[in-house]
Every structure is written in C-alpha cells, then in structure tokens.
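Below is the structure I would like to discuss, written out as structure tokens.
Chain IDs A, B, C and D follow the sequence of writing; residue 1 opens each chain.
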Amino acid sequence: MIRRSGAAAALSAAAIAILAAACSAPGSSSGGSGGSGSGGSTGAASGPIKIAVVDAQSGSSSDLGQFEWRGVKLAVDQVNKAGGIDGRKIQLTLFDDQGDPTVGTELARKIASEGFTAMLGTAESSVTLAMAPILQAEHIPNITSGQSTKLLKLGSPYLFLNGPTGLTYDSTLAKYLVQTKGYKKFALLTNNDSYGAGEDSAFTSSLKSLGITPVAAEVVPADQTNMTPQLNTIRSRNPQVLFIGAEEAQSGLTVKQARSLGMTAVIAEGAPAGTPLFLSTAGVANADGTIVSSPYLGNGVDAASKAFAAAYTAAYGTAPELHGAKAYDGAEVMISALKACHACTGLALASAVRAVHRTGLLGTFAYDSQGVGIFSTSIGIIKNGTIEPVSS
Amino acid sequence: MNRLFAARRPLGLAALAIVAWVLPYRLNVYWISVADTALLFALLAVGLGLVMGIAGQVNLAQVAFFGVGAYGVGILTTAHGFGFWLAALLAMVAAVCAGLVVGLPALRVQSHYLGIVTLGLAVAFLDWVTNAPVTGGDSGLSGIPTPPLFGVGLSSQYLYYYLELIVLAAGLAFGYFVVRTSLGRRLRAMRDDALAAGAAGAEIRVLRMIAFVLASVYGGAAGVLYAGLIHYIAPETFSIADMFLLLAMVIIGGRQSLWGCVVGAIGLTVAQQELINLAAYAQLGYGMLVVAVVVFAPTGLAGVPSRVRRWRLRRRSGISAAALGSFSGVPSSGRTGAVLEVSGLVMRFRGVIALDRVSLRAEPGEILGIVGPNGSGKTTLFNVISGLYRPSGGRVDLDGRVISGSRPWRISHHGVARTFQHLRLFGNLTVLDNVRMAMDRTRSWWSWRYVFWPVGVWRHERELSRQAGAVLDAFGLAAFAGALPHSLPYGIQRRVEIARAMASAPRLLLLDEPAAGLNGDEQRQLAEIVRAIRASGVTVVLIEHNMGLVMSLCDRVVVLDSGAVIASGVPASVAAQPAVLEAYLGTTTLPSEAS
Amino acid sequence: MSTLVVENLAVRYGGVSAVRSVSFTVPPGESVGLIGANGAGKTSTLRALMGLVPRAAGTARFGDRDLGKVPARHMVRLGIGYVPEGRHVFAGLPVEKNLLLGAYASKWDSSCRARLSEVYDLFPVLGQMRGRLAGALSGGQQQMLAIGRALMARPVLLLLDEPSMGLSPKLVEVICSALQRLRAEGLSLLLVEQNAMLTFEVTGECLVLENGSVAMTGTSAALRDDPRVRKIYLGL
Amino acid sequence: MQSFFQTLVSGLSFGAVYSLIALGFSLVYRTMGLVNFAHGAVLMTGAYLASTFYLSARLPFAVAVPAAVLATGVVGLLIERVLRPLESKDVDLMLIGTIGAGTVLEAVAILIWTSSGRGVPSPVRAAPLDVGGVRIPVYNLVVIAVAAVTMVLLTLFLQRTKRGAAMQAVAMDPEAATAVGIHVGRSNAVAFAIGAGLAALAGSLASPMLFVSPTMGDSLGIQGFAAAILGGFGSIPGAIVGGLGIGVIGSFAAQWFQGYSDLVTFVVFTVLVMVRPTGVFGEKTVNRA
C-alpha cells in the first residue's frame, strides 16, 4: 500500500516538474547568463573592467602559463597604476585550463556567466580552438597566444593572435637558412602535438616553396623523452640542418641527445629555442649555434624591450622571455582597444581590437580580417647561452 | 526495517527526479555546463562500475571506450557528413568492438595483469588519436554538429542537460535491470568466485566479454553525448590521468553500487570544478581519499550505510534471531540420476602423480563414499569430474557420454553439481541469489533478451524466484533468504551450499567433506538430507573424513591412497581390509577386535 | 628445561568449533602424541599452540611463560621448534639455506656449522643434497629437511605435525628412528599424527582426539592394544 | 646496418633502466605478493630527490644518487605502512590502493617542485665513443654498468646474506618463515624499501638522459611494469630480460613507427601476454578448489 502511494507521489511530482519545465525554459529566467545578447553595446560605466586570463597553471605546460600570466599582469598593473581606463581599473582573474580542452570549454562558459569583458590566453592552440566557438557565441573578444593556422580557419571575428602564425616563423627561418646560409640538406624532427604538427607542415611547405625536400622528417610522441631512435635515422642521412618542432623541454632534450650521438648539424627552431628552459635542458654548450626564429629575440635588442625587461625583472625578480613578451603585447593591444572605445564590450570591442595600430615588443600590430596582427619574425643565434640577432 | 526501506525507495526516487528536473532553474551558464560534464562522468562511471564492481574485471581502458564513442561521432560527422544520430549509432558499434578487443585479454589473464594490459591498450588508443590524420591529431576535431531531437537543435546547455539526464536515467535503469536479474547475478557470482560460478554453470569466458561490452556501451554513449555537447574533441580528454580520476570516482563512490558510482562521479566533478585553481591540491585530496577508502572502506561511500547497519546489528545482538527451519524433502526436478563411470583416470602436476589410474562407478540412487588419508587425491578426483582440471589420461563418462575435458559450465549443464571442501559460496550474493544463480540453466547467449525482449527476462526471473523460494523452503532456509552467507553460522552455510548445488537440478551430486565442522546434530540432519537426495533418484558421491558418517550413510565406499584405488565395496567389508587399516593407521600390526 | 602445560584449549574458525577443551602436559624430555582421524582437531591444536591461529579459550604455558603472549616468531627463541604439516620447506632455496634459516634467530657461526653437521649426521641424505633446491627433493627428503630445519635452532621442545603424511613405509621408518634418536638425546616431543602405530613407537603417552575433544588418553603401550582406538579411527 | 646497431645501443641503455624498474616491481611482488602501481611515482620521487641533491645542493652526482635512493627507501617504508592492511587482501584493492598512493606522490611532487619539470645535465662530460660508426654515449655505458652491478649486488644480497635469504623465505612460505623466527612484517617493509630504492636508482640514472617532471613516472612505470610481466613476474633474470626486451622493442618501434611507437609497443605486449601470460621465466600456477 505504502509502495503504491509512493509511486503515485513520484508520478505526480514528475508531472509537476514537467509542467514547470514547459512554462519556462531553464536558464532564460535566471540572471546567470551574462554575455548573451549583448552584441556590441557600450558596457556598464561603473566598476572594474573584468578580464579573464586562461592559461595552464598545472600540468606539463604550466611553465608557459606562468610566463604568460606574468606578462599580462605587468601590462595591466601598469595601466591600473596610471589610472586605468576612463577611471576604471582592470580586474584580472586567472583560470587554470590544465592544458585540457574540455576544461577550456567549461572555463569559457564560466567566463561568460561571470560577465567578463574579454579574455587573454591560452598558450595552447588546442585549448583556444575548443573555447573559441563558445566565446564567439557569447561575444567575448579573445587574444590568444596560440599560433596554429587552424585558429584562422575558425573565422571567428572575436579571436586575435598576439604574435605571428607558425607559418611566419618557419618561412622566415627557411628563407634565412636556404637563401642566406645556402644550406641544402634539411632534416625535421617534430613532435605529434598540435604545435609540432603545425611546425612540421609549415616548415616543410616553406622549404618546398624554396625548392627543397627534407632528407628526413621524423615524428616523436609529445611525451617522449628519448629521441635517440629518431635521431639515429636522421644521423644516417647526414643533414646540414636539423629543424626541431617541439616544446621547450623536448627541444632541449633533442639537442642534448643529438649532440651525445655526435651529430654536428646546425640546429634550427622557432620560438621555443629562445627560452631559458630550452637552454637549461639542452645545456649551454650543446645549444651553442642554434638558429632561432622569433619575433622577440631578447631583452636587450631595443629600447622598448630593455624597458620591458627592467620592469618585468623588478616585478618578478627574473628576466622575461618570449612568452612573457607576447602576452604583454597582447594585453597592451587589449588595453589600447579598451581605451579607444571607452571600455566597450562585445563586437564593438572586437572591432576596436582590429583597429589597433601600435608598435609593441614583437613589432607593429596591424590586424587583418583573420585576426593576425604580426607578420614577421627575426632570426637570432644562440651564443654562450644568449640570443643575438644575426648580422646579415 | 527492510520493508520500510523498500517502501521509502520510490519516494526517494521521486524526490531525486524532481531535484534533478528543476535543478537547471537554479544554475547559471557555468554550473549547468559543470552539471552536463558531471552527468557524462556519471554515465562513464556506471559503465566502469558494471565491469569492475559487478563483474570484477579490472578495466583501465574505460576512457578509451569514451574516446571511441566521441571520435566515432566526430569523424563521421565532420569528415563524412553523416547526420549526428546515424554517426552516433555507428560510433556505438565501434565502441562495442573496442570493448570486445579490450576484453579479449580477460580470457587469459586477470587482476593486475589485466590492469596493465587494459592500461596499455588505453595508452595505445591515445597514441593512435594523437597521431592519426583522421582524428585531427593533437589539435583534435572541431565543428561537430549539435544533435537535433524531433527537429529541435539541442544547442542549449539546458536542453542538453535533460537529454543527458534521460540517457543516464535509462542507463541506470538498464544497469539495475541487469544487476538484479539473471545476467547480473552471474556476473556478481563470477566476481565473488569464478571457479564456483563455473561449476554452477556460468560460462565465465562469455560473461567476461559481456562485462566488457556493457562497459563499452556506457563508455561509448558517454563519448557520443560528449561530442555533441562540446562540439570539439582532442586526445587530452582521454588521458591516463583522466582514467585514474574516473577510477577514483568509482572507488570512492563504491564500485559495487551503481548509485555509488553516480554519486562518486558527480561529487568528484563538482569538487574538481570548485578546486579548479588548486589542481594539485585536488589531486592530492582525491589520491588520499582513494587510499583511505581502499584501506578502511573497500565498498566506498555506497557501502557505508550497510556497514553501519551491520555494526549496529552486531552490537545489539549476536546473530539474527531467525531460525533454521527443518528440512522437508528435495523438490522433485523430474530428472533421473546418472551413471558416473571413471576409467583409468590419471592426473599429473609437474611430475607429481595425484591420480593413478583411478576407475570407479556410481549408479543412480546410490551414495558412493570416497575415503582415504590426507593427500590421497580425493579432491583432485572431484576437480577432474567437475571439469576444473583436464585429466592427463583416462576418462569420465556420465551416462555413457564423455565429460572429461569439458569446461566446468558444460559439465554443470550435463547435470553435475558439487560442493567444496572449503565453502565457496558467493560472498556478496544473498542466500536467495546464491540459489537463483545455480538454478538459472539458461545459456549466456540467452542474454540477447535484455536488449530485445526484456519482458522475457522478467518472466524468467519470476519463475526463478518462485522455484528458488521452493528450494529454500524445502531446505528450511527461507528465513535466511535475504542474508549474506558470511553472516550466517557455519552449519547453515554448509546447508546453503548443498541447497545451491541441488538448485541446479543435478543428476550427479558431488559432496566434498560436507560434514566438516558440523556438530553432532547437524551431522544427523546432513545424513537425512543426503538420504533424501538419494531417494529423489540423484546419484551422490561424497568425500568424507568422518568415518562414522561414511559407514552409516554410504552404500559403497572407495578407498584412495596415494592417488590409487586400494579398496572398494560395502563399508563394513572395506573397513576390515588390511590395506585400508594400513592406509589409515600406518601399519597392519594393529590388533583386531578379535584378538 | 621447561614443561609445556596446555589447559582447556579451544579453537574456532568462524562459527566452527575445531578444538574443544583439550588439556595435556609435556614434561621435559618426555614425548607425547596427539592422534586421531582427519579433522579431529590435532593440527588446529598445534597451530593454536604456535600462535598461528587464535585461541578461542584456554591457556598454554611453557615453563613460566604464557605462550598466549608470545608472537609466533618468538617461539623459536623459547626453544620451541615447529615442523608444520605438509613440510613447508622453502622450495626455491637450496637445502643448506633452508637449514641455515632454521637457525635464523642465532648467529650463523661455528656452532651453527656444528649443528649443521649434526643434522647431516642424523639425515645423511640431506648432506648429499645440500646444494639442491628444496622443491626438487622427494617428499621424504623434504620431511627430513623440515625436521632438520627445526633442529637447527637447538630446540628443547619439538612440535611435529604429521611427519609421516604421504610417505612410503620405508621412509616412515627412517623418520621414526630419527625421532626415537632425538628423544633419546633428551628432546621433548609433541607429535601430531594420523599414523597411530608410528606415534606409539615414538611417544610415551598419547591422547586420542575425536571431533575436537579428547576421546582417550593413556600410555602409548596401553593404547596400542586398545581396540577402541581402531573404532574411533574407522567409525565402527 | 649502422643505424640498426645505433638503435640497438639506445634500446639497451634504456632497457637497462627498465630492467631496474622491473626489478623493483618483481622484488616487491616476489616478497610480498603486492603489485605496486605507485612504482612509477616512487621512481619520479627518487629522480626529483636526486636532481635536487645534484643541482640545488650541488652534491656530486655519485653522492646525490645514493642519497636519493636512501631517502626514497624511507618514502617506500611510509607507503608500505599505509597499505599494510591490504597486503593479504584482494589483489584488485591493492592495485587501486597503490594507484591512489601514486596519485598522492605525484601531487606532492607538483606542490614541492611545480609541474614544469627540469633537465638534468649529464654528469659525464666525455665525448661519445665511436665503435665502427656507432656512437655510444659514455653516460649510457655508466648506466648499463650501474644497472648490471646493482643486479649482481641484489642477487648476492638475496643469495648470500641472512636477511636476503629470510626475505625469500617469507615470499615462499610466510608461515614457515614465522616458525623459524623471521619477522614477516619487517621483512616486507625492507623489501618494499629496497623496491623503492631500486625505483629511485632507475629514476635518478634516467634523469640525465631524460627529463625530470611529475609525470615522468607514468610512462616509465608502465614500461617497467610491462617489462616485469614480459620477463615473468617475480623473476630476477626475467626482469633483466624483460627490461632489455621492452627497451629494444620500444626503440625499434620508435624508429620504424615514429609517433605510433606506444601503440605498437603495447599491442605487441598485449599479444605476448595473451600467448604466454606467465612471461619468459614465470612459473605456471595451478587453480585449486
């Protein structure tokens, strides 16, 4: 008997619940979803401007995340100290994406629901790729540190890069190595994550446009730390140049292991080779002579970078590197846009970002329709543990 | 107490349903996405619970099933332009195939070996998706479409929540349907004691594969839903770290309870989101929790209420007050006894001869006693007859049909049932379920009904319950139907084991030391039961050390010594033979009664 | 030298009563047998004495020590040697290593070497096979090894559990004479056996167990001629 | 051909490391029947300790490694103490318990050393040897030598010392061991500590060849475990053969199958386990009713 009435209660309760659901859709009534529908209005004129920084603070790419956060924070601290934007301070919140795209998508929704104006980061193209559709739907402009050309294919008007694409890095590098130095035998060693795969295709196509086919193109898993088997294959082909497409630590290890196998080929690489982690992993002696393609060659190249380096060192007690500089530039672009449109939001802010024209640490930003603002890199060479611009 | 609880259950479910239904009204955009993720993990965890907790198969490849489902949908929709639901269907098929592949090693290895092999296969899957062009490599697949439902695109997180909720509810319902009925009972019996389950007629190999297929269905479904929810998939989501997190959910929640798995999954997902900026502390926390649960509460959170209840019961009184009923005859099975013919049986273990050309014969309606000193090969003989060992030579026939070399379940289906020297009851099955499990004479492929004809399963279940009730009544065990074997006094456990053996309506019953540990009264009851079994026409072979019982009970006795038959005949004449005296007492110089 | 005094010993496994109220005494230099059919509770009695299974009731004292408070691994230091049922040699280790492990509680010094040669003297076959893995020995040799291992610690009381199990009559004789020799050297023995005749040869006094209780006691000589023993064994 | 030998050399050097890992697994399994899924995390702990002693405390490498081995042995004692109640219980719970312990160690390492990882410069600065065009880094030879010496020492310890004999006795028959006066619990603890020490040795030896990070134990642990099973769980020669086997299979798989090396390695491993579950030197066990 009791059982009967229990079931009846369950049925009627369910019926009520369904009725309730039919009357109003969940989510529409609650005030949670902040971003939806605010397609380009000028933001509320009071309170701080909320900007989200999404970067890995845990997991294998947490180093990058740390560098980025410092760069962003430095720029924002500076503008806040100078009075903010139209008297409003910028309030930064750091989110840890753990390098995981799924976590990224959840963070994108969190950012939307908590009414953030804009987002800076992430350091990884794959996480940005996952987040971009949600940010687009919620009208939140995002300046990412990713450099994959896949980002451009999304065609989101809210997505911007804070540096050049991988293709820019690699074509500059290939041109220098082939046309200036006259090398002809190239070997590639790339890892299989999105960065490595992007480098593989970008450098290969850059070489191809110069009429050169690599003598070896080896792939290693991104978490592999023993590259010797692949290096063996490369060594047997005797290349003049070994191009590496992998993150800092793995690149450093590759260089170390290549040298311990007695390989003498010139090492060439994109941005990761310019970082302290690369140097410490490879060892200073092994890294000597590595050719680097980077929009930010070092802290002493010009007045702007010297000033940045001084401020960064004062704030964090350690010298900056490329990622910090990139993130700093990205934050500066966002700040300029906010200033220009008086802290607007949504599509208006995105348009303001696109209109920014300023010279930063990496060069002069002038965004195209795809969200790329920087189209060149410089070539440097590592000598005694520091990068110097090549004298060409 | 128990009935009250049962009555409360629908109310609790209703309350839960209402909470789950109105929950989205209280959640903002972010928390609804957390809820969506939590429900997916819950679905995954239920699958893992089924394979690990219910079937006892270590599976560290559940994330791979998840991945196969997600990538199946991703690849088919983006690269081949399939519609979402067609792609989902094919992805589920792929996930089931993955389940079969991952399950294969379980046919050969178990426990930690299975752990490392399944983990290795998960790593292999991860490696494939990270490299293959078709999966988009490390940068993954984007642009997966939103699943439409009755013309409505489920792009809203809120609508999606309801889709997931319905799938999870259906998954849980199906899971409980399986667990509580024939198939699940066999899986649980296999988990508790694969050997005894095989001897009771369960096809262990098929069941193991079914367990992995079940896990892969839940994993695949979660993957399909994930792809439709996030619209983007990348290898990172299916990493080993996530596998361990999933494992932690299931262990902390309680692997043997599907609700426990759900609670663990939701709890840990929410906790992880709360601690998103303290990931290392979160990891530390759940790691310590897993260790603590495993050491102090192996059944997880779900097991805590019953542990508390048992503890309180134990404090209040010793054993339950229910009394053992009297034995009221063996229910007629309609089957006649079989002739057992053992001829020239030889069993060697790495050079040691355990059975040396043993030949014997047992007729229908006869009680044959097998006696002999320790280590004379009696239990080995039973193990060969019941199919646990494949003999090195000789043969065993049942009614003229060779059964030696067959698998235990097949021999059980031929009508052989046995008990074990050291009780082998299914420890986490109730007495009723122990009996129902052995009573279930269906083959494993019968399980297709779970998908296509559930009504048939229900009917079968009702019939089983009716018959099992009759067996328990007959053996005077009705009062203990709901008890776990280990909570019962030893003498009752012995009787349960005989009842279980008789539930399979055997034609030949092998009893291995049924009187061990029984007091005088219980031994008398045992003799009564065994005689009744003989009277019902079943052939009985029993190993017994209690010579008094053997002498009074057995029609004929076979004496084994060092693996060979040294004497056989009616009890009194066998006891008088010098060879028997020597085997038992050590020498022939023992004075006879006459001297 | 100490006396082993066992009073009202009881053992239960779960709900099963394996031993109910068994009492006996082994004075120094004496030899006592516990006989009975399989499942009578002989082995359980011995294991309870050694502390390998918990006692449900009763006490056991050795000299002035309450054995209930001594962990199993310290029995050997009190001078109690134990030869388990089924021999339990360390199958993957050589014969000599098995014997040396018997002297684990003392130093592996010259007196240990001397003891080793005594054991080889008692069982010459072990000396011939000292380098062989124990698992590769025959059942009888393993039994000698198990006894030899227990002797290595120079016990004053030796507990033996079914030393004749599974052995051929000839080997039973070898074991029997070895035990007689040990007894002559002044060692106390507590012998658990199914083989009643062997026990009567070796011991001075015997208890016959049936269903966990003492059914009969008496001198071995008297029991040897008692037809009731046979009844208990064969259930007639 | 030269490339073949070069790959073989690299496979053998890493194989030596895997052998050490497998040895730890096997020793613990052999002496206490415990399958330690935390072994990889223990290895990582050892590698971090060694690199900290070497890089931060500026101890010589030859001092840093033994110090790390000792310290990790203490960590092993701690884990054993926590998991002791599980030792005689069901194998699956043990497996999960050690996975939990591994998770904890990893989290602790992240909290202490952050998750970014560090490179460890090779302590041997000599140029690689050139044998007929095959380059052999001197440090790799050091690793192989240390691994070989360790295995010899371990074998001697087990065969020649009283404690070693006692540990084996405990593994073969805990009850008989108790009867001759061996403290089974203490013996198990020592075995676990030695297992942890072996993991630490493997980790610290591997760190100049690889990269020290909180997750380094994941793949090394899985590979080492696979090596132990391949050789025959619990067997010492099996651990050596299995380790070298997995090292060589892995190296050639990496060279021939590039990014797909893990896939190939584990598929081969799965097939091998199915064909011969007991490994090369493992013993067949019999079901008993």
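As a working rule, a residue touches a chain if its C-beta (ideal position, glycine included) is under 8 Å from a C-beta of that chain, and two chains touch if they have at least 3 such contacts.
Remember, it's a predicted structure, so these values are computed and weren't measured experimentally.
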Exercise for review: Tell me which chains count as touching both chain A and chain D.
Suggested key: B
Check your understanding: Based on the averaged CA atom positions, which chain is farthest from chain A?
Key -> C
Practice item. Find the geometric centre of each of chain B and chain D from their Cα atoms only, then give the gap between the two centres in Å, rounded to an integer. Key: 34
Point to revise | Intercentroid distance (Cα basis), chain B paired with chain A, Å | key: 50
Practice item. Indicate the whole-number Å distance between the mean C-alpha point of chain B and the mean C-alpha point of chain C. Key: 42
Check your understanding: With chain centres defined as C-alpha means, what is the inter-centre distance between chain A and chain C in Å?
Key -> 76
**Study point:** Junction residues of chain D, two or more chains touched
**Key:** 110, 115, 219, 258-259, 261-262
Practice item. Please list all residues of chain C that touch 2 or more other chains. Key: none
Exercise for review: List, in ascending order, every residue of chain B touching at least 2 other chains.
Suggested key: 127, 130-131, 280
Review point. Every touching chain pair, please?
Key: A-B, A-D, B-C, B-D, C-D
Study note, to complete from the structure: In their shared complex, chain B is touched by residues of chain C numbered 13-18, 37-39, 162, 164-166, 169, 172, 193-198, 211, 224-225, 227, 229-230, 233-236
**Study point:** chain A-touching residues of chain D, taken from the complex the two chains share
**Key:** 2-3, 6-7, 10-11, 14, 110, 114-119, 121-122, 127-128, 130, 135, 137, 139, 209-211, 213, 215-216, 219, 251-252, 254-255, 258-259, 261-262
Review point. How about chain B: which of its residues touch chain D in the complex?
Key: 52, 56, 58, 104-105, 107-109, 111-113, 115-117, 119-121, 123-128, 130-131, 195, 240, 244, 247-248, 251, 280-281, 283-284, 286-291, 294-295, 298, 349, 379, 382-383, 388-389, 420-421, 424, 512
**Study point:** Touch list for chain A against partner chain D, complex
**Key:** 58-60, 62-63, 66, 191-192, 218-221, 223-226, 228-230, 232-233, 235-236, 249-250, 252-253, 256-257, 260-262, 277, 280-283
**Study point:** Touching residues (chain side chain D, partner chain B) in the complex
**Key:** 35, 37, 82-83, 85-86, 89-93, 95-97, 99-104, 106-108, 110-111, 115, 218-219, 222, 225-226, 229, 258-263, 266-267, 269-270, 273-274, 277, 286-287, 289
